[in-house]
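Chain IDs A, B, C and D follow the sequence of writing; residue 1 opens each chain.
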Amino acid sequence: MPPQTPYETAISDLVVANRILAAEGVLDGFGHVSMRDPRDGACYLMSRSLAPALVTAADILQHDLDNHAVHDQGHSLYYERWIHGEIYKARGDVNAIVHSHSPTVVPFASTKAPLRPILHNASFLGFGTPVFEIRNFIPNSDLMISTAALGKALADALGPTAEVVLLRGHGNVVVGPSIRVAVFRAYYTEINARQQLNAMILGPNDVVYMNAGECETTDKIMQAVAGRPWDLWKRKVRREMRRAEIEDKS
Amino acid sequence: MPPQTPYETAISDLVVANRILAAEGVLDGFGHVSMRDPRDGACYLMSRSLAPALVTAADILQHDLDNHAVHDQGHSLYYERWIHGEIYKARGDVNAIVHSHSPTVVPFASTKAPLRPILHNASFLGFGTPVFEIRNFIPNSDLMISTAALGKALADALGPTAEVVLLRGHGNVVVGPSIRVAVFRAYYTEINARQQLNAMILGPNDVVYMNAGECETTDKIMQAVAGRPWDLWKRKVRREMRRAEIEDKS
Amino acid sequence: MPPQTPYETAISDLVVANRILAAEGVLDGFGHVSMRDPRDGACYLMSRSLAPALVTAADILQHDLDNHAVHDQGHSLYYERWIHGEIYKARGDVNAIVHSHSPTVVPFASTKAPLRPILHNASFLGFGTPVFEIRNFIPNSDLMISTAALGKALADALGPTAEVVLLRGHGNVVVGPSIRVAVFRAYYTEINARQQLNAMILGPNDVVYMNAGECETTDKIMQAVAGRPWDLWKRKVRREMRRAEIEDKS
Amino acid sequence: MPPQTPYETAISDLVVANRILAAEGVLDGFGHVSMRDPRDGACYLMSRSLAPALVTAADILQHDLDNHAVHDQGHSLYYERWIHGEIYKARGDVNAIVHSHSPTVVPFASTKAPLRPILHNASFLGFGTPVFEIRNFIPNSDLMISTAALGKALADALGPTAEVVLLRGHGNVVVGPSIRVAVFRAYYTEINARQQLNAMILGPNDVVYMNAGECETTDKIMQAVAGRPWDLWKRKVRREMRRAEIEDKS
């Protein structure tokens, strides 16, 4: 029987989102995924501190926008949860956030080469791909967004329209109006990075990127079809989860 | 018991083709594969709008060359089905078409570097690898072939002899006289792209490509042996399909 | 119970070698592996024409050095079997041969960048990596070694000491004194190609390759330890074979 | 029931470490992992000579710091075990060592491009990434650390503070205060190498690396969280081990 309430659906989707992004190589042992709480927009749902591939429904905790677990159960929380609260505060249009160390995006975060849309699925990159340089705020840091002030600075760097912000030496944050769209975008940010890197090898000075008008038009379509890969990925991770469950019992 | 009629064989082959290209990384959640209908050359067979890895026999619909489902059952159809009808109209020699976002081909579609045959299996690239630039037809588009006019323009770009056409910012379309040859070509288009990219790193100015005579000779042989990898891939996807079926039941 | 006679061991090893090289991505649907017949050095053992990943003991045929099946059973034979007979004739030290389209080696075959040993496991590359250009023998060919004359020309290109010869636009041939060593070398030829490509990106003019003395010393050790990865790979393919057998029965 | 004594835990962890690094592509058929013996700091634990993916608890032998098996049971030992004894002698802070041929690190070992920290997880690279050139000690060697003198020279190259030393034409050695941290570092050395290579393609002259202060701060955090990916990887290899066990019995 499928989940019944919007909250139950959200929990289920959030578990699946964690598993999808781990299975597709966007997340490794680190990173996290959150959703705005459908019961209360001033809260968000996210796992306790755990490798994304291991997240289950029981691990999801309600956080307020100051990044406290609402019903504190003594669980340790993600060290970088400040990313989430500050972006949800600043961006009313955002209902889901992925923070990853997506491997091919890091090189773009650490050079002057801007990440730009080369593949239609990644049209949202046309709305901006700012790079957050933590050194401008703290010298000799651990590069992590571990305070409210850093979370706020990161949200400022993301700004009002970008859907992705890169973190130098660290990773990226992708946002979306729904969990499906955020997962879609996190995946295609990595794919676009690989394709752009290859294009820059083929012809550093003659890559044709999508222009602003194309990005505007295409992103609408992509949001509309984001459910298609979601359904495919979900089926795959469901099988993996069932197999693991059976094996862990045996 | 094996399928009996040419139509039943076609349906079975088309399902397998979808699964092969998804398993081999040519197709992801998007893209589509079609075959000319063996019962009526003025129609083609293709799945309803669905991720290729999920296509089953029950999803295959007969489309006419104007890209309508012949027996309209209210299913949603692929948004870019116009690719198929217009190419089948223009090219009597074509009996199967693959549209993919094959990852290493996109960089060739978005730079001036022409995709050229470096591997004997990809000799068909010697017959031309035109790039379709949708901006020449529509500004600020979603890059997709979503009208008959765009389908026609794409078929014109493919022309009378090429077996591949690249779509800037988007992907490619590969054609063949049979589903086996089209799948073979879609696979080796991706493989050739990877090898050519690497060759261009090793020696940008001294890559030796296959010449026209070699391509002519080699393509004949490759068409003759395209069944060998097909049999291998088919066995693999059959196992995957059976495993998924068992797991989904349990 | 393990195979008993040297011939039975050879058949078993040859099946395993095919499966290993397919599983490790050295062979795809094409390519072939042979061993000199332990019962008669003027013959060799090789599968009938079949994708390497599907080869079983029942598919292995004895070929004479003129590349005829000794006990002709009407099976179709590999189109390029001439590679094998001519090399066995020319090189008494060679007891096993792998012909593959190993993906990262093709770019070296089609540019002026010589494949050179950068990794100790690939020290045998120090004995030469000639490139065979079929255009010097036949214009407008299908690039394949499909006659005795081409087989002879390829064996000449390999020469008396090299363990690898590259075929422009096509692939490579690796030889060894035993099937384990030939498989080891085919695998590490691919690995070395990837690492050399990356090194040439990092510093095109300052890559330190192994020198002749190092290659001489190291190849002896590598031949002595070639059984270690063989045992590992064998265990893996045995499991795959058993799993496929069970699934194909169910 | 979990292991009880520190020694039993060590054995279990060491088996898991071997399997993790093989599963994650850091180790192939070669390489080895050791831990300082928790019962006696003047000894270390390491497998007999065996492919890492096959190591079981029964294969672990106690070695003294002169690299003899303490209870000699006639097993053959790793040819390069000298790496371990000499580093444990020189570095009291080191309790675990990984020697691998991690594929993307070799190109850095064989060019003048220094491996540098581009990803926060690899902050330990900021403590130095010296390259050991065996030619400075032995001409025409097999590149391997096969004597106490070479082990000593390698330990000298590593020096008092670096956590990684690269071996030209061969591989690398990573050290840590615990097996979890050493495994974490071996994994992220490979990941960093891939990301740095890509960054050097994007902008050879403008890559922003982590600075000394950032590395100092970040490494502390990374050591604290190294258990998170360990738990994830361990769960995965446990399942693989159980599956293999079942299959090998059937």
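The rule is simple: a contact is a pair of C-beta atoms (placed from the backbone, for glycine too) under 8 Å apart; a residue touches a chain by one contact, two chains touch by 3 or more.
Predicted model only: the values in this text are computed from it and were never measured.
At the interface between chain B and chain C, two copies of one sequence, fewer than half of the residue numbers in use appear on both sides, so the contact is built from largely different positions. Averaging Cα coordinates per chain places chain A and chain C 45 Å apart. Centre-to-centre spacing of chain C and chain D amounts to 31 Å, using the average Cα coordinate of each chain.
The residues of chain B that reach two or more other chains are 201, listed in rising order. Under the stated contact rule, the graph of chain-to-chain touches is a ring, a single cycle where every chain has exactly two partners. Chain A makes touch with chain D in their complex at residues 28-30, 49-51, 53-54, 79, 101, 103-104, 106-108, 110-113, 133, 135, 139-144, 168-170, 197, 200-201, 244, 247-248, 250.
Residue ranges on chain B touching chain C, taken from their complex, read 117-121, 123, 191, 194-196, 198-199, 201-203, 206-211, 213-214, 216-218, 220-221, 225, 228-229, 231-233, 235, 239, 242-243.
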